[in-house]
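First up is the structure itself, then whatever we jot down about it.
Chain IDs A, B, C, D and E follow the sequence of writing; residue 1 opens each chain.
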């Protein structure tokens, strides 16, 4: 993958390979890469290897088998869980990105000299323990929670709404809340780089605010949107704590199942196979989302 | 078409525009001229709607434009820094504004093609924005505005990155476009020749204020102030003693150009005993060998600058405070006159102008 | 000082530089002239080290510079797009390169102050990079390079955003700086006058190739090809029948300018029966009333363009393929000759040149 | 090392649990914390070294079979013989394969807990109430397989789950599926369930006895029902010695003896709401306090309880797999 | 750009959404009941007193802050190099390298944790906060990378060229031009990594020895409902502390700015 040696183009220009783009790039990335390689090579290997083995209670059988993948792919429970996880992850990331974008926009365009202050303001809520935030949401969304009490005292509802907590809605709300900062930051970063005169030029050519946003600002901030999407979506698929805490009966997601296999159920191979399957499906979906975003942006212009 | 009324613009305490008042007629080719940093771009941006004046009013087509967003103004602008969309190629950049008009594809393609032809870029339609040279970028910016056929076209130094030949072609193109379609042009330029050659009227600005608004010929031949005269081409200045003064005229006695009567510029401080008068270098003509002229002065060449088409001679005339600058086409051999040679210069007394300070 | 040897640069299959060979002497003021997109910036970037030629060699001070990073070359560059550091103010931008020299604070401040003075920005030292007008940015870029006093200064259209007066001041400044410190200048410009006025030598480029390298006067008066002649100011072209041909000379018979013998330009295709000859508009002089001249032709005015200092007359001469363009200073009243009036033009047969295609 | 490392639940580093140890050695032992036994198990299996650990009854077998444990020398344990008889009677818990492995420390009950303002005691006379459609969406049971199958076993009338047959397993699972229809949430920890109950989210829970203590203290109208037809369940946690610990054996035993000292009992019951495994200690605790905390007649409940004794691993694995499915709605 | 009327309103509502759950923490931390329900049971400061007595939890909080800071700096530092290499240079294996660095985003955390623990123990490193930092850094890399890649993408290269041209070395250019210009991305990356580390549990659990981080400790505490209020008190304290810190930082920034401006006015 990373063999060195002079490249063809370097020969032609007569430059030493040491000075080439390739060498500089490799030199720059190598500390990080070596670090990741040292620490991540084994995990990756383990996941892949385990997924082809079998386990009986405490002992691992090292004969190659595809049985785990058969189970992972055909058992309706895993299929449904995967589907549910993907839907939730998609909804969460979509909602997070859509609702966070204006805030990122606001900070970048109207933040003035206080931009860093704003960024801190956005992330401070995440600095209290995650468990406490979840607990707070339970207090807010609960049967006699802040929301229900509020609504009842204003007379909008008679009896407490029970569909607020312990279902997918609660999972989505809690996740959106905890990932908000992670969506705002990359979008903010890419908005910061946009040359403001480009937006002026778009206005000048007849676009109203919405159109100039769709045709100039959005395409130019796409890298940020994409990274926000991925940062939110991928970990969400792998999250098992939030669903467990606020998801109630619906709270089982694929990650819960994977976690159980690595934990109590003590079936690492099945867990590994489920992980690999999930990984592939999630990557594919992430790719699709990125593609869809790019197509959308292309189509709009 | 465009009325600018006492518009001021502060950046903090810095006054970029200082109560500017201007009327630009529909279909007029209007140029803004002035030194770097005098507020030209600021004024243009105020007209386009990107900048809101701190005070004053801007009316377009009789309606106040304050508060009207740029996209609802009948203006299009060519930005000084081009503002090419980096995510679009050349043709897409040019087609940007058209997309909203929902033309059919063929129509749109034709208009984009025409605009690219006008700026001589028809072969580069598929180039990415970052694969262009400086001049090519500028032409894309120009095409992008031209293709919109706006009522008012605001051009912020649209040709500054082009070589003279191409610039002249573009000037002709712009001029003919304007005549054909009747667009109002407001051109910011730092190139006097461009302004003189293309404009119906020119406004000269200094430090956020308008110094003079007039037709090219008038502003060139009858500049009101020393600064305007100096800014628009060279001018030989000298002091003259005032011998008589009426409401409109000024009789002065000069060191070498005799006694003349000149039009008094508005803004001239009355009651002073001295006036500044000036004569353009090209209004001084070298007298060869036996040539004679009714009005002539003598001196000798102290320096010489070659400019291809013309040569500038710096001539020391005894009795004058400063050497005279003379511009002469190179048809006789002005470029060969040796430094130090004696020289005789003919002039027309009508070429002298009195200037306010 | 700088030897450019058969340098080519491809962008994909597009040839931005096509085996360019040039020698630039130490202390020389060298200009690159050419139409937009001809490869000037690319060549300059190759010298500075930002772009590696696809083939060929660049030697600076006798050493091959291929592979030497820009910071280890004795060159400094003024970028066409300025490249002002957005996070630094004006003074910090200018001081950027000095920081590495570890001067004492006072020395540094003095040098920065001097450079800002040179570009007339001494009052704006504390301004942020985004609070500048276009011309001010350009001057910051210039000051940032000047302050370094490099051996070689590469200037990519360094004065394009400045008005004429300021540009001329800057030209004088650059010129005197060069004389005082002995810097080698390589200037890219699209302004012929600038190139003619300032340069020791000029290279004219077309489409990635060098068309001619010569002193300003030579290149203006003896252009080798039609393209060079056309690019550097106007030229009246006409066909002439070849009546005799030696190794160096060409005898031709023209329609209206009689039979003349001209120097044969290198690259002239031998053995053809027709040659292109040309005469500059300013080498044609209007004959007034009773004036006479040994060589004259007659025609009538079909158009007139006013340029302040000079007027261009377009004169139709029967028997010529195209009307002649005549440039005349406005001292006699060329700007008042009515369109349609008959006119007589004097010329000097020496002003005619033969051109390769 | 001059001190031992105890791999423990967070909170158990409480110095009041081992005053004797500190008195003798002058320093606190080192603590390393876990929040979940399964993760603790994985960490130990990966090679993490500590001297003592604090698992609960259900994990013992697994830990032992994985070879993580060091047998105990009962002679060095002062309280070994004072362990409450009910706990000491659990099969395969303290001793197995003829060796001692586990020294119980604290225990509690999992018991039907309900809100007295919305639920009448007669409605919950049987544990089958958990599956009663009347309580749809008003029920919570623990998100842990032991408590869940303890409930199910009791509901189908089985008190000793180590003898569970296939048919009984199927019946128990079916019961849990019925319960699942009623479940609003599977609680993960005590905080979870007490908050849900306090906020009126649920009316009925299969919860630890400390839950109701917390709730009553806050004035929430909640009660436990120990005398359901089927009874309740008892769980127990305690200390084991780990292989490869770097502390000295003497220190290990000093710590073990310190935590099972009868003097600890009152503090454990009062401040933490758990029962102490030392029978003598419990007997010495003020009766009023015991009653207040729900440990009134320590001996009486033994008859009506399902002890969460270690069960054959195969059955347990099946339960785990089945419970995962049940929770997911399958 | 004129301000729209709706945007500030929206941002306010959004901030409300972000802060609503957080503001409940201080409220309940003074509530005289163990369960977090309305109506409130009365005012008390006993939870704070209890917290004060809970040295282990305070230690855990301190450990978490330390780990968070180190992880933020380390992973951002690493990610700066990597993101720069990926956006600026083309080299073979680029995709594979990116994939590997991004892998923790996709891998089940427990596997990463278990295998890291095995590696660490194999090498014979003592488990400590350092090992936690080691592990969390690799875990935070993908997040830092995504933020920084969007920061480095489309960076105006001529700025770096100008710097090189003025004699600055590649490294100096990076420090004096590139970093300041992408400062927003760096700040964001630091914030993201810090935040992730602060809540990360599995790696922190597996890789810590006898010094737990806050999540490890709190997860264990939640077994006891009665301990919750102390955790709430701690959460509130941390909230107050971070807001205090930011206020001080902002105050200092303004003062130094005023001083600079003062100098300008004098000089």
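Basically, a contact is a pair of C-beta atoms (placed from the backbone, for glycine too) under 8 Å apart; a residue touches a chain by one contact, two chains touch by 3 or more.
Everything numeric here is computed off the predicted structure, so don't read it as measured data.
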{"item": "Interface ranked first by C-beta contact pairs", "value": "A-E"}
{"item": "Relative to subunit B, chain with the most remote C-alpha centre", "value": "D"}
{"item": "Between subunit E and subunit B, distance of the C-alpha-averaged centres to the nearest whole Å", "value": "56"}
{"item": "Separation of mean Cα positions, subunit D and subunit C [Å, integer]", "value": "91"}
{"item": "Computed distance of Cα centres, subunit D from subunit A, in Å", "value": "37"}
{"item": "Sites on subunit D at which at least two other chains make contact", "value": "36, 39, 42, 191-192, 195, 199"}
{"item": "Sites on subunit E at which at least two other chains make contact", "value": "36-37, 110, 114, 118, 154, 218-219, 222, 228"}
{"item": "Residue numbers of subunit B (touch at least two other chains)", "value": "69, 81, 86"}
{"item": "Contact footprint of subunit C on subunit B as seen in their complex", "value": "11, 33-37, 40-41, 80-81, 131-136, 139, 156-157, 160-167, 190-193, 196-197, 216-217, 220, 230-233, 280-285, 305-310, 327-332, 335, 346-348, 351"}
{"item": "For the subunit A and subunit E complex, residues of the former touching the latter", "value": "1-3, 7, 21-26, 28-29, 31-33, 35-40, 42-44, 46-47, 99-100, 102-103, 105-106, 109-110, 114-117, 119-133, 135-140, 142, 144-146, 149, 177, 180-182, 185-186, 188-190, 192-193, 196, 199, 209, 220, 223-224, 226-227, 230-231, 234-235, 238, 255, 258-259, 262-263, 271-272, 275, 279, 282-283"}
{"item": "Footprint of subunit A on subunit D - complex, ascending", "value": "36, 38-39, 42, 62, 65-66, 137, 143, 145, 180, 183-186, 188, 191-192, 195-196, 199-201, 313-314, 317, 320-321, 324-325, 327-330"}
{"item": "Footprint of subunit E on subunit C - complex, ascending", "value": "48-50, 69-71, 75-77, 79, 81, 83, 85-87, 96-97, 99-100, 126, 141, 144-145, 148"}
{"item": "Residue numbers on subunit D that touch subunit E, as the complex places them", "value": "5, 9-11, 13, 30-36, 39, 42-43, 46-48, 189-192, 194-195, 198-199, 210-211, 214-215, 217-220, 272-273"}
